[in-house]
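Chain IDs A, B, C and D follow the sequence of writing; residue 1 opens each chain.
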Amino acid sequence: MTVQLVYLVAALCFILALKGLSTPRYARAGNLIGAFGMAIAVVTAYVHGAVHNGLLILVAMALGVVVGIPAARSVKMTAIPQMVALFNGVGGAAAALVALAEFLAVPTSSVLFRVATVLTVLIGSVSFSGSVVTFLKLQELMTSRPVVLPAGQVVSVGVAVVSVVLAVAVSVFPSGFLLVLLALAGLALGVLFVLPVGGADVPIAISLLNAFTGLAVAASGYVLANTLLIVAGTLVGASGTILTRLMAQAMGRPLTNILFGAFTAPALVAVAGEQRTVRSGTVEDVAILLGYAHSVVVVPGYGLAVAQAQHAARELVHLLETRGVSVSYGIHPVAGRMPGHMNVLLAEADVPYEQLKELDDINPGITSVDVALVVGANDVVNPGARDEPSSPIYGMPIFDVDRARAVVFMKRSMRPGFAGVDNTLLYNDKTTLLFGDAKDSLTKLLAALKQL
Amino acid sequence: MTVQLVYLVAALCFILALKGLSTPRYARAGNLIGAFGMAIAVVTAYVHGAVHNGLLILVAMALGVVVGIPAARSVKMTAIPQMVALFNGVGGAAAALVALAEFLAVPTSSVLFRVATVLTVLIGSVSFSGSVVTFLKLQELMTSRPVVLPAGQVVSVGVAVVSVVLAVAVSVFPSGFLLVLLALAGLALGVLFVLPVGGADVPIAISLLNAFTGLAVAASGYVLANTLLIVAGTLVGASGTILTRLMAQAMGRPLTNILFGAFTAPALVAVAGEQRTVRSGTVEDVAILLGYAHSVVVVPGYGLAVAQAQHAARELVHLLETRGVSVSYGIHPVAGRMPGHMNVLLAEADVPYEQLKELDDINPGITSVDVALVVGANDVVNPGARDEPSSPIYGMPIFDVDRARAVVFMKRSMRPGFAGVDNTLLYNDKTTLLFGDAKDSLTKLLAALKQL
Amino acid sequence: MIDLLTIFVLAVFVGFEVVSKVSTILHTPLMSGANAIHGVILVGAILITGNAESALELVLGLLAVFLATVNVVGGFVVTDRMLEMFKGHKR
Amino acid sequence: MIDLLTIFVLAVFVGFEVVSKVSTILHTPLMSGANAIHGVILVGAILITGNAESALELVLGLLAVFLATVNVVGGFVVTDRMLEMFKGHKR
């Protein structure tokens, strides 16, 4: 009874944590409340439930702490997505293992119990292997482009069918062997699910896998008849689902297209742009343009994150401000590697929160902006998304920097952005291109500005 | 098992009903879904649970239908609050009776069960008697002014203490007699709670009693170990609490002040205004003022509801529009007898939804309004709420009609509005007063306008 | 028992969250709609009466059934009437 | 059983409602915060391991405890790090 009460309090803490995390003001407090709930639940489980093997459990937990804390402490802010993916994967694996162990202990219980077991094992392993692949992709240990295996769709459907058959089989005849097979099928399914998802869409896949792990935990709650696991898992499952949908909406694309787009989309070939002329400037040109402007908007993107140029950008903005230029950052919801990622990166570089402006803050006044400085962004300023219904990214809200007085692009080449769509703004008369790695360019620009 | 599933579906319907009712678009569908959930739950309870007395139960339900439907069908829209109060009261009484009957059947169960029983009986009876008193007040079968009994506060506290003692006693020694005493104490408490609440605050009290009945139903769910009652009752309890708070916020006053204000507030005496001059106009003056205006804002209030002048107002507006005057209604959130009440009344009079404007729609453009026609409203246009920190209604958002070019007040006398605060706008040079019942005045005004 | 408590806590959150952003326009229908929902006590009243063993229980139960029915039927009908009026005027 | 299902349904609503209006700024921390919460599987892992009777169960259980601990600890710490950065910059 008291144990159950503690679990209830922990569940309450988790709800409050999610509530807090959805409002900037209480986000940090929310996270701490969540951690508190977790702490009391774990201590209670240990005190009350670790009848045997108490010491071994402690050792395993200590090992987990030794691995988890330094990893979480040292990870670079640009690498957050892959870290989240890993943590998610191990959570899924843990859920699958718990269900497996419980099944080995009491294989002969009711059908409902077996269904819950099967769900936990299957979803947990999908989540684990899928997360590992997203990790590999984001860490660039493998290509981040969509990987479409030969006959990939057929293989995927085949494995899915096998999984369902195994799942039904285990629910009917309890068999440890079949359950292990099911786990293997789940692992394969997770890999097949994530392979065709391309680089910048990976965060969406992570979010979905996060929701999956939540569901696996909830199902394991049925297996163990533990209300806390049910409530917490379901909360994460539901909120993860909604979050995934919100992200897809912020990108202006349906979820199915994001996840299965690689199978169906005609391979996008960027229209070769070499025929058209572009104006490439020197660092000095751009320094003059910026140094004598009245108002500047900086639009950072994926490239800034890759180049880790956030600190250089902050310094540049600071220098401009001391020269009396009014500067703000235009933060697109899906700029970067993860929704909201730019905010985190710039916050890390100590950029005051108030300088970060959203689409609706920037666009209405954009015509009176002297220079829009686009640092490693591309799709989020592509006028095609606004004007060309045939464009694959048509409908995604963009920063209307083509309506500013001048545009400076910092990128390394004429290659298109993530969506693989050519950007006409690169060929616009207003536009000056400054080729090179974003961090290099910004550093040089800083030096040049100081000379002015 | 199947019975429980039906109850779960019903609970789901209730959640969806509440969700629907919070968005104008799905409100009606939501209500129907709620009714559907109720229907399946009741049928299931009858089929499965009416082991004996099936026919008698049917008769009782038929009687309920015979009473309830005609009442709900025929009630005037101005009388909605008292109707809701009555329905709420009978619900609370039913919950108390259920708990009482269950207690008589099995008095010797656990303490937790008895605590739930005691809560149901107490809250249910408070809700019943309180609702009856609000009904009497709103129906004007008794004074709608706050009634402060001699030593009222002492008596209330005394009855509350007795109730708590009885509640604890019954929880410890199961005694039907004490439980009946507790029910009586609850009835007294309900009366004492509502008596000091004044006319226009009564809706808040109803909303709170609504939440109470929800809690009583939830508690009765514990008594009967019925999840549906717990979920539905709690939903109503929680949403009723939030709704009560939202209403109090819309009035710009803390809840405690609304409920217990009569005990603590210095009796407000309207500053006698006879020394100051007011300009009272004839119907013809006002007709000319309105007929040749470009833009008019009509601000209806409590008085319009009392006078049932909504149809006359609609006709007037229509006539003005055919003369080319642009007219909109300014609907204050707490105008009328109930929050949102004006919307219902005007919707009944077939006023197009789009003409109903809120504070934020009207106030920014108010300076270019030629005439603000205030029909039976007072507090919601009192500039004191905006300008005089010492005013009891300071902080309530108002329509800034004093900034319009001219103001016409339709009321019967110089008496202040509900809050008992004098309104300086009545003495303003811009203001023309048209004394008389709102419906009469509007009808005469219509006739005069047709002569123009 | 603890499950019922969990259900209670979760239902509190659902109620709070669902209603917390509603606009004042809908306060009246929402109040009366919620009012109709607590008429679900009718289910309890039927169960009690259906198993009543003494005359007193029966009388109390039948009274509860009657009152709860009034609450349910009246609540839903009056809410529907209000909302019907709203509906005609929207795009 | 049905109680657990009710709890599930209610928790779904709570999750949906609580998260449905969050701004994109907070998507990343919210994702990683939710991630930490599903590490509650640690509770299950402890219970399983604490009652393990065969060596296989014990090994599986301990592995689960280790992995779940990584999830919990890492998740909360990384979320806190992110939010700490946000915090310094607001009024």
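Brief remarks follow.
The rule we apply is simple: a residue touches a chain if its C-beta (ideal position, glycine included) is under 8 Å from a C-beta of that chain, and two chains touch if they have at least 3 such contacts.
Everything quoted here is computed from the prediction, not taken from an experiment.
Taking the mean Cα position of each chain as its centre, A sits at the greatest distance from chain B. Note: centroid distance chain A to chain C, computed from Cα atoms, is 43 Å. In whole angstrom, the spacing between the mean C-alpha positions of chain A and chain B is 47.
As a whole-number value, the distance joining the C-alpha centres of chain C and chain D reads 35 Å. Touching two or more other chains at once are residues 7, 15, 227, 231 of chain B. Multi-chain contact residues of chain C (touching two or more other chains) are listed as 1, 3-4, 6-7, 10-11, 13-14, 18, 21.
Taken chain by chain, the contacts fit none of the simple shapes, being neither an open path, a ring, a star, nor a full set of pairwise contacts. By the document's touch criterion, interfaces exist between A-C, A-D, B-C, B-D, C-D. Taken together, the chain D residues at the contact with chain C in this complex read 3-4, 6-7, 10-11, 13-14, 17-18, 21.
Residues 1, 4, 7-8, 11-16, 18-54, 56-58, 60-90 of chain C are the ones that touch chain B when the two sit in their complex. Remark: chain C residues 1-3, 5-6, 9-10, 13 touch chain A in the complex. Residues 1, 4-5, 7-8, 11-12, 15, 227, 231 of chain A are the ones that touch chain C when the two sit in their complex. The residues of chain A lying in touch with chain D in their complex are 7, 10, 14-15, 17-19, 21-25, 27-28, 30-32, 34-35, 38, 41-42, 45-46, 49-54, 56-57, 60-61, 63-65, 67-69, 71-73, 75, 77, 80-81, 83-84, 86-88, 90-91, 93-95, 97-98, 100-102, 104-105, 112, 203, 206-207, 210, 213-214, 216-218, 220-222, 224-243, 246-247, 250, 331, 333-334, 338-341, 343-344, 347-348, 350-354.
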